[in-house]
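Each of the next two complexes has subunit A plus one more chain, namely subunit B in the first and subunit C in the second.
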Partner chain A sequence: MSNQTAIIIDDSSLARMMVRKIFATSMADWTLLEAANGDEALALMADKSVDLALVDFNMPGMNGIDLAERMMETAPSMSIHLVTANIQERMRIRAESMGLGFIKKPINAAKVAEIMKHIGH
Partner chain B sequence: MEKVECRRVFKLSALEEDALKEFFNMGLGMAADSLSQMVDNEVLLSLPQLKIVSYEEATAHLVANQKEKLVAVRQNFIGELSGTALLIFPGAESLELVRTLLSDDMPLDILSELEQETLLDVGNVILNAFLASFTQMMSVEFDFEAAEFLKGSSEFLLNITSHLATQQRAIMGDSVADDERAVLLMMDFKTSDEEKKQHTLSGFVVLLFTRQAMAVLKKELETILGQW
Partner chain C sequence: MFDQATQQALLEEFFAENREALNRIERGLLQLETVPSDSALLNAVFRDMHTVKGNCRLMGFEKVEELTHASETLLEHMRDGDCTINQEINSALLGVLDAVRKTLEEIKRTGAEGDVDFSDHISKIERLLMDIDDQMASDAGKGGFEFDLSESDTTETAPSTSEESRESAAPQLESVRLSIARLDILMNRIGELGATFNQLKYLIQREPDQLEQVLEEHGDLIHVLQDEVLKYRLQPIGMIWESYHRLVRDLAVETGKKVLLDLRGEETEVDRNILVSIKELLGHLIRNAIDHGIEKPEDRTDLGKKPIGRVEMTAAQRHGQIYLDIRDDGRGIDGNKIRDKAIEKGLITSEQAMTMNEQDMLNLIMLPGMTTAQQVSRISGRGTGMDVVKAALDKVGGTISITSDVGVGSQFRLRIPQTMAIVPGLLVKNAGGVFAIPQTNIMELISFYGSDVKKNIEGKMQMPMVRLREQLLPLIPLQRVLARIGPSRDIKRELGRIEQKRALDVVILHSEERTFGLEVDGILGPASMVIKPMNRIFSQISVLAGSAVMPDGSVSFLLNVPEIINFID
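Moving on, here comes the complex of A and B:
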């Protein structure tokens, strides 16, 4: 039984629903946290240890890159993946240069499985 | 009464609105990727806005802060889902885009000559990328009509009755009803100006649906959301 925790941060309810279903179906041993923006995410993570973060880029308030920077300061070992519709090369390079994974929306079970392989789960 | 009618006809749940905005976001993400490759610059995107409005309200909304002449590429799509997508630039911005794509030192008169042809090509690529991505989770099929180049005052260009009438004629062979409502989705974009400030481009993408198309869209949304 895994004790691992993931968080999805996305202002889209649909995007969060999709991730919720994937985790419920294929990764039921994970705890999944959900936040609709960066501030909510930081508040949720303040007293929890999170292993994996799936972060949207285009959100009200803090964007996904700025949020990832903040999360890396507080939890450097966390695996963070930008899950975004903004698939421009410069965005991918920026994400990867920060050590973030880069996932093109829409997310699906195969893409989550790839992330899991990447983090050795 | 009008507003009540409008809401009744186009009633979307909060979740359906959210999903529609997310599809628009995915559509413009793909379109921005195409544009960024063409101009070799990053394209910054706003958050999607969705409004369900009358033609007049939509026009008023779109022309707010758009005093100058506008240039647009209009792409109608007809089929199981029909609608109109518009890629709109303030007039001077479209010439900057053409200059960026062709050559920095091209004389203005030559640029102006090539403006229509270039923007039609660019608009076609961008709007096709946008629509393919917007509908990627849907089961609808549609065909594209030939893209059209439009230039004029904002009132002329954003005469939504004209856009929807074109669609409607293609679908129904009839004119659009006076009380028809439009669903309007829009996002702003601009290119990053880190290196070439003089080439900063901005514009917006607008998606319009008639009431009939909205019913199809709502059904698609229900199906998609039902899966999750």
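Moving on, here comes the complex of A and C:
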């Protein structure tokens, strides 16, 4: 079970902290990477294997869907979830057709636990 | 959920990040007052407001969340260009900042929002939003007028393949919104027509010798009016694209594939009748691309491809023609397999297959009776194959060409006329019949007489060629095109036939990056023709794109130049 790595990409430092705390409390065996935008995330992931990504949709630079597309190219088996408050129907459809998961904001421990159940951890 | 120390740490981060964001929003709003068009700045302000809202939601401060959400909505309208910043908007937003800051202080002191009341702020924003809505509504319909341009004979001109496709045609295609200003232009044209009509009535009785000039003027006005109305029939192709996102999503979910749909050129304008008739067939091509082209993510990874398949559709307009490319990066189409299947199904003989090149083999998938699907899946197997796509295209005077790289992907290139109504053309004579050639394809006209005929004709690469200045161009006899027989194999006899002519009339044509000469029996002159799609009986004759009624009541046919090129190959 150990040696699993997740990444949170969100331009809000509070949102990143929240996820960090959730992982520290209930998924202590996971390594958590943090990035404030897409470029940072791609740089971080360049030499690491990541199993789970939680991606904010609305970020400066590339948006969450564009980032997810880039991440899938480098790590096809990674489970990617878009974290969004309100998303245009068209974006949601586009994300679904790419096989992305969804977490409705605000993120909390119960929602992360739900994803963990789905990806078999 | 968390222990107290963690909760405290989160709160501190909450205050710190919000303070910075609120400061940036304030600076941004003030700057925007002087440079309202700075879209990057506006976007940054919007995103900071979004962050503050998200943070409040994260920590469960609902009242501030509601207030910042309303502000975000207002900023979103500004970002989308629905309104520009003005003092009233800015005052409201700056007021929000103060209120949020004050409440954050309260939270810092007491740990809760307390009984703050933001209803004044929120109703102010709601009023502003209502103003924007009103403004947008009146912009959209400024004395708007529903002008129905659908024709009584739509069933014939819009070759929808079934009742179903007619129903699924976007309802907005059934009517056109027209501004009063544009209607006024039409009214003015009709007024001018009325004036020349009265003049004509007068001249017929009093001064018949001046009739011709006014008649010509009258004709010109009709053309101008026609052009004007045709313009209103053009609609951006993006109108029919919206539904493809959903189609792709459903297919991806059903097949367990991952697909990215990329649509480009949605502003390209096409006649609405054509839009109605191609909506279904484009959907079919996208379905095919996903169903038969794109591989499953794990297979793609094994092949060293990106796990997400890509389906790209681009639209562009050139010279009155719309070019639509549907490209996928899937497994491609194996021409040899298609050929074998066609033989197996008895659609072609092994002898015919022997002489086929890659292109011919790919074209076989458009034969009726060829279904490339290994099994008819629920989604793509709707009883329509590529033959239906081809037939629907033929009816609007379009063509399709297929290129494919096995393992790399396929590309379907469609060419359709932007409008099927009026085509400026050149009338030519051939074996007693009159044919029209679209002006857009014509580069120049040349005629040789007497001994010049022989001097300018040469045989090369088993084909008669005509000299155009320094260049030798393939010469195709219209006669053979119409008779649907290929180029003559007996080059000597063919050259002899041409050299015997006392006059040789050639129309130099250009299409699909090829230039060639078309040998005709005579050149008659230019004409603007209202083109009707080909009657069903003739629809399989691909070198004819449509028909037009001539002034004397006879019917002439419009030549489909891209199809004539096939004679060279």
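Rule of thumb we're sticking to: the second predicted complex is superposed on the first by the 117 of 121 C-alpha atoms of A that agree within 3 Å, B and C clash if a C-alpha of one lies under 4 Å from a C-alpha of the other, contacts with A are read in each partner's own complex, and residues count from 1 in each chain.
As a convention for this text, contacts are C-beta pairs under 8 Å (C-beta built on N, C-alpha and C of every residue); 3 or more make two chains touch, one makes a residue touch a chain.
Keep in mind the model is a prediction, meaning the values are calculated, not measured.
Student: Of the partners subunit B and subunit C, which touch A:Q88 in the superposed model: first, second, both, neither?
Tutor: It touches subunit B, and subunit C stays clear.
Student: Check whether A:I107 is in contact with subunit B, with subunit C, with both or with neither, and answer first, second, both or neither.
Tutor: So A:I107 only meets subunit C here.
Student: Looking at A:L32, would you say it contacts subunit B, subunit C, both, or neither? Reply first, second, both or neither.
Tutor: In the superposition, A:L32 touches no partner, neither subunit B nor subunit C.
Student: When the two structures are laid over each other on chain A, which of subunit B and subunit C touches more residues of subunit A?
Tutor: In the superposed model, C touches more residues of subunit A.
Student: In the superposed arrangement, which partner chain does A:P60 touch: subunit B (first), subunit C (second), both, or neither?
Tutor: The answer is both, since A:P60 touches subunit B and subunit C.
Student: Of the two partner chains, subunit B (first) and subunit C (second), which one does A:V50 touch, if any: first, second, both, or neither?
Tutor: neither
Student: Now for A:S13: first (subunit B), second (subunit C), both, or neither, which partner does it touch?
Tutor: Touch status of A:S13: both partners.
Student: Now for A:E96: first (subunit B), second (subunit C), both, or neither, which partner does it touch?
Tutor: second
Student: Regarding the shared-chain residue A:A41, is it in contact with subunit B (first), subunit C (second), both, or neither?
Tutor: Neither: A:A41 stays clear of subunit B and subunit C.
Student: One more residue to check, A:M72. First (subunit B), second (subunit C), both or neither?
Tutor: After superposition on chain A, A:M72 lies in contact with subunit C alone.
Student: Taking the two structures together, which residues of subunit A meet both subunit B and subunit C?
Tutor: Touching subunit B in the first complex and subunit C in the second, residues 11-15, 17-18, 21, 58-60, 85, 90, 105-106 of subunit A appear in both lists.
Student: For the complex, give me every residue of subunit A touching subunit B.
Tutor: Listed in rising order, the residues of subunit A that touch subunit B are 11-15, 17-18, 20-21, 58-60, 84-91, 105-106.
Student: For subunit C, which residues count as touching subunit A in their complex?
Tutor: 1-2, 6, 9-10, 13-14, 16-18, 44, 47, 50-51, 53-55, 57-59, 242, 245-246, 248-249, 251-253, 258-261, 297, 301, 306-308
Student: Quick one: which bits of subunit B touch subunit A in the complex? Just the residue numbers, please.
Tutor: Answer in residue numbers: 14-15, 18-19, 21-22, 25-30, 32-33, 36-37, 42-43, 45, 47, 133, 136-137, 192, 224-225, 228.
Student: Flag every residue of subunit A that touches subunit C in the complex, lowest number first.
Tutor: Touch residues, subunit A against subunit C: 11-15, 17-18, 21, 24-25, 58-60, 69, 72-73, 76, 85, 90, 93-94, 96-99, 105-109.
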